[in-house]
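Structures incoming, each one as structure tokens.
Below, subunit A partners subunit B and then partners subunit C, in two separate complexes.
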Partner chain A sequence: MAKTKIDKLPLARKERPGPSNRFGGFDVVLFIILLIFALLIIFPFYYLFVVSITPQEIYVNNPLTLWTPRVTFDAYKSVFNDSRIWGGLKITLILLFGGTLYQMFFTVITGYALSRNNWVGKNFVMNMILVTMFFGGGLIPYYILIKTLGMINTIWVMIIPGAIDTFNMLLMRNYFASLPKELEESAKIDGANDVQIFVKIFLPLSLPMLATVGLFFAVGNWNSWYNGMLFNSSQNLKTLQQVLQDIVYTPSSGIPNPGKIRIDDESMKMAAIFFTIIPMMLFYPFLQRYFVKGIVVGAIKG
Partner chain B sequence: MEKLLIKRKQSYAYSFKRRFSASKFLLLMIIPAIVYYAVFCYAPMYGVLIAFTKYSPKKGIMGSVTDNWIGFENFKFIFNYPSFWTAFKNTLIIGSLKIIISFTSAILVALLINELRMRFFKKGVQIIVTFPHFLSWVVVASLFRLTLSETGGISYLVQQLGGQPLKFLSDGKLFLSLLFSSDVWKEAGWSSIIYIATMAGISTDLYEAANIDGASRIQKIWHVTLPGIRPTAILLLIMSVGGVLSAGFDQIYNLTGSLNNAVVLDSVQIIDVLIYQGTFGGGGLTMGQTTAIGLFKSLVGFVLVITTDRIAKLCGERGII
Partner chain C sequence: MRKKFYLLLAATAISSISLTGCGGEDEQKEDAYSGDGKLAISLRNLYFDDYQGGDSYIQEIERKFGVSLSFESYSWSQWEQQVSGQINGGNLPDVFHANIDSYNFALTYKFWAEEEIIKPLPSNLSYWPNIQKMILNTSNIQSLYVNGQLYGLPIAKSTTDYSTTFSPFTYIYRRDWAKQFGVYQENDEYTWEQFINLLNVFSTQLASSNRYALGDVEWGYPSIINFYKQVPHCFAYNEVTKQYVNNYTTPLYLQGLEMAKNFRNWGFYYPSQNSAADGQLNKEYYGNKIGVLYENLSYSNYETLKTMLKRSNSSNPYFNVDDATAIMKIKGPDGKYALEGTDNWFSMTFFDNRISDTKMYKILSILDWLLSEEGTRFSIYGFEDYDYIINDEGEIELVEAYWPKADDGSYAPKRNGAKYLRYLASLGYDTLNYDPLTNKESVEYLESWENEMKAALDRDELKVLKERPQVMWLTTQLKSQLSGLMRTTALNNVMKYVYGEISTLDEFCGKFGYPWPDVLAEINGAIGGY
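For the complex of A and B:
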């Protein structure tokens, strides 16, 4: 029941019949403003992509290259030949799969426990969690904690502290709580134990919300750089985003050139950026509705 | 009377026991969460005590608290430290401007998308404008730095049209505008989602009644749509006030190229940057001093949320606390 309710959440006001629904001058203005906004968002991607496949001599003569007569993938070859990129990709993929699974496990079981009624100490735990949304220790005590735990310069610092995300946990909790209570009661009458009720009944019914939360975690892991920057100094532990920082923020990037072709630094930087966002660009249009569902449901309930 | 009390006590103990054993599985499930929040949220809260000490890493937090307690010395120091007040001022200005700009831009985008009557285009636009939210500041900053650099394409175009090369990355004031525009570019679309969903929930009766009254579309927006999203807007505004003193370390760190852009850094020196640089970037502050700054920041943030909440309630809104 709850599932259909969420699936049917309208994203925009339904078109209404009637004379006022004609496409008029007002709509043309709206259309143009939105079109400009959308183009402003697309422009950097388009521009960087074109430059990344433009030969150096054309780009130097006209930095505003919006179309290239000759396509070259030399910049991408340099990126692929850079061991830093692959090292970063390795770490990021470990975070993407290992970290996401780990976070999902702890976030989902916490959300489930807090969605069930009437167990001893539930209110206390709930308040203990909510307080952390308003108060925190700040950067330095956190740093000392991580150091005390011996996680400096390990990959664990990018995984373990992320076990539970309070926002995602509350999303899961609210979703579990919205499922009908009769499910649990009838399963109990049929002789199912608590584990079975959770794994066989509640988890399968929560797939849409599990997908949403999983995607939020996955994106977070793909974009991870802050903890690595703060706590790790070893090159082997740099995430893809950190490698990208190294490449883009250094005035002259140190990517080795394949062969003898001279390649412009700028186009290599742009190719490196593209390398890190292409997975997102490919998947996002199909996954957008899951993200939207998450935030809409979370906001309405929370 | 006495008997009754004993009986009641017994039955309470009994039901407690029964409830306890009935919720064994759930209690087992919640243990990791208790450990997690105790270690990663409450331990650092205890750690703020070093703000009152001359922290020595060798002695640890406990040792520093017992041996090196100096009371409010660190606070006296930071309140007399000129960079602190500069950072505080910058943070307030940047943080509050950001809240105002992102608040209005999100509602504006939501109104535009909500009012438009082209289904297909609307879907496409929503996908495009929400996408940048999911990119890291590393990527967004890289896109902006390369597109708007002095030797980049836009700067070239401006020069061809007779203008000066763009100095977004080398002029403090222009850099601030880059801060705000990149924030809108990244977040306006995503933040609008929540408003669009709220607008979808406004009763159609209200619009029909407005139609009968002969209201124009602008009038309908002003008298129906905007009042309809007011509770949501105020809720989100109160919540964002808590973050005013954060003002976006991620964004500033990346747009300045790992804080390496000394030319513009002065104008975007916010509290978080001061804490970070003071401790890790050779800023020469002790951990006790930077913790004091952090503690001051959370206290002010908390007071701001409470105050905004009170004001909202006085104005007859719902509030969050």
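For the complex of A and C:
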């Protein structure tokens, strides 16, 4: 039986590193700088987590620590047992899904309409929308408007007024405008109407920008608190961020004692913060590639 | 042409939107009734926390008075913006609350009254004797009358003791460390020299472990000047010239400022004191990093500090928090204690001007009952023969089934809506003593300190720093507009001097140009000379 002389087989030719993929001294320096930069960004999150699992007596005696000698998840238990957190989460999730869809709908269709050249008064509408980027009516008129619309103390006040975000609408408009006009023309020749052209041709081609704008809205809704703070006084309508503020902010000076004094450890505060940021942190990386692409593409054509 | 058209259009749109806010909303609110015919009353308060009503105690009050109450709370960090939004938007609840501790509240209060945003109390309060008594005992009450009417209910700190004229802003320290380092003084009483010696020993002994002798709560720095200055804030009164003067440039203040700088240079103060975040110094104290802390030692703050200190030292079986920490009684260079003066109230309950008299009377009746003995007992203990019984000796006995105890033997938290409602009239310092949910040792300890200070006041051994009510409540234009900013700028310069950014006292005094002379001239023109 003929033996295969493995050692005699010709070795695969080693690919010689060319000038473009050589890992040189400059790359090492760059790597170190970026590593430090990454650590600077990651460390606060890491520290937040470490404090959240550190018992109070250890934390206060040694607040600057890289790891805890004793791990406890008591703070997370307290957070999960706090009905305020779940109430806030419910409202925030409604805003996140309902609000984002609603905002996307209006922002995208407005952006699309303003990217088309075939209707009278487009520039007028465009300029009127642009004005809102630079001037506002003021807080009090806004308050009165919201009150007149009967939205005080309702969840709608946190959703309806934000239907169109001008900046995001401009991103969408520019993106739609950057797509070849021939697509629309050929679709029309094939018998498609405007809605079909929008839904079946332009939307599928705009996924990067939709993801970008969607992410903007989602993050905005997740972090939403201002309208809730100003217009809603009911505990049941507090967003997660408002609840977080209640937990983290400890009033001082002469407050009365309605029940037993509630004293939250630092770990409880950190656990609450961690709980509120983790969903966005998990969500973000999956959309990031669209996010960067979308921003760049939308910025090219004005 | 087109650009001009758009500009004009935008300007018109903005103006019309902005002018929306100018319409008055003076109409009366119509009384609304719940399905079962009860008068609906909306309440919003800073102290309601996350309480929303609906418990059996509130239901009992609703039944008794034929009302339906809705509770909403302000946010601790944004209540001013929320109140302002509701006022300007014409969306006030029937009853709302505001803290009057803001330095410049006088003009706002007067504006609310004159613009008929808030409703005056009835001039004859004899129908509500407990409220009447409370108002009669309110210190400085004349300042709250606008055109002869009182536009709200000053919330009493205590309805049984109206005599407190000073705040518990003072020093708490590590008595165990003082004993350990041999500088402890009996009964926690220190002369000025003993205090400086203690700080000196603390800073020497603690330096090697990155701990520090002294820290001030962020708003109180540099507290040490309290032992020198005449008034807490901007406007001191010169008894000789009968004129108001800049407090920050009086010889006494400058002496205190020099001492504050010395304290820093001697290494007594926590090093990042000038840039400390909110609550940081408290954390450092209960984290065993600071030997002496200046803080508002109200019951809740004191109890919080003690509890956290106990938690921080839970691994030490020999740690006894009551031995380890105590209030320090320090006499200044003049041989006197020094505390900030206060009125016996610092917040008010207001009524929307648009509510009906019927509704206002109803609210006053509820509050009057809650201030009575029966109402107070109900708000603290609950239902008689259910939450508690009165035994044969006439004493109150809590029913265990409804007052369960925690593992440490203290009563478990129990909510009683009547207690929240009572906060519209009193902060309830008077009930701390017999409230099952408070730590009696802490209450008694704070009371004994207060009594000692009252006795010192009687012996003229306590200096109470207080601005004269005439200037505090003055509502002249410049003073109202600028005094908040003046105070902030002055404190900035104080920091700069203590930290060496301003090198001489002359340079420090030179920082008080415009608007100080103008504001002082305005004040002296209005109220100087007496």
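To be clear about the criterion, the second predicted complex is superposed on the first by the 228 of 302 C-alpha atoms of A that agree within 3 Å, B and C clash if a C-alpha of one lies under 4 Å from a C-alpha of the other, contacts with A are read in each partner's own complex, and residues count from 1 in each chain.
Throughout what follows, contacts are C-beta pairs under 8 Å (C-beta built on N, C-alpha and C of every residue); 3 or more make two chains touch, one makes a residue touch a chain.
What you are looking at is a predicted structure, and each value in this text was computed from that prediction instead of being measured.
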Checklist entry - Which partner, once the models are overlaid, touches more of subunit A's residues, subunit C or subunit B? => result B
Next on the checklist: On the A-aligned overlay, A:E57 touches which partner chain: subunit B = first, subunit C = second, or both, or neither?
Outcome noted: second
Checklist entry - A:I129 contacts which: subunit B (first), subunit C (second), both, neither? => result first
Next on the checklist: With both complexes superposed on chain A, which partner does A:F23 reach: first (subunit B), second (subunit C), both or neither?
Outcome noted: first
Next on the checklist: For A:S233 in the superposed arrangement: first (subunit B), second (subunit C), both or neither?
Outcome noted: second
Checklist entry - Which partner does A:T110 contact after superposing on A: first (subunit B), second (subunit C), both, neither? => result first
Checklist entry - Of the two partner chains, subunit B (first) and subunit C (second), which one does A:A38 touch, if any: first, second, both, or neither? => result first
Next on the checklist: Looking at A:Y249 after the superposition, I want to know if it touches subunit B, subunit C, both of them or none. Which is it: first, second, both, neither?
Outcome noted: both
Checklist entry - Can you pull the subunit A residues that subunit B and subunit C both touch? => result 63, 128, 135, 137-141, 143-145, 230, 242, 245, 249, 266
Checklist entry - Given the complex with subunit A, which residues does subunit C contribute to the contact? => result 6, 9-10, 13-14, 17-21, 23, 44, 47, 49-52, 72-78, 81-82, 85, 88-91, 93, 101, 157, 217, 279, 283, 286-288, 296, 298-301, 303-304, 307-308, 311-315, 346, 410-415, 419-420, 423, 427-429, 432, 435, 437-438
Next on the checklist: Can you tell me which positions in subunit A touch subunit B when the two form their complex?
Outcome noted: 9-16, 18, 20-21, 23, 26-27, 30-31, 33-35, 37-38, 40-45, 47-48, 51, 62-66, 106, 109-110, 112-114, 116, 118-121, 125, 128-129, 132, 134-145, 148-149, 161, 163-164, 169, 193-195, 198, 219, 223, 225-226, 230, 241-242, 244-245, 248-249, 266, 269-270, 273, 276-277, 280-281, 284-285, 288, 291-292, 295-296, 299-300
Checklist entry - Residues of subunit B touching subunit A in their complex? => result 16, 19-20, 22-27, 29-30, 32-34, 36-37, 39-48, 50, 57, 60-61, 109, 112-119, 121-122, 124-132, 134-136, 138-139, 142-147, 151-157, 160, 185, 189-190, 193-194, 196-197, 199-200, 202, 204, 207-208, 211, 217, 232, 242, 250, 254, 257-258, 260, 272, 275-276, 279-280, 287, 290-291, 294-295, 297-298, 302, 305
Checklist outcome for this item: As the complex stands, subunit A meets subunit C at residues 56-57, 59-61, 63, 84, 124, 127-128, 131, 135, 137-141, 143-147, 152, 229-231, 233-236, 242, 245-246, 249-261, 263, 265-266
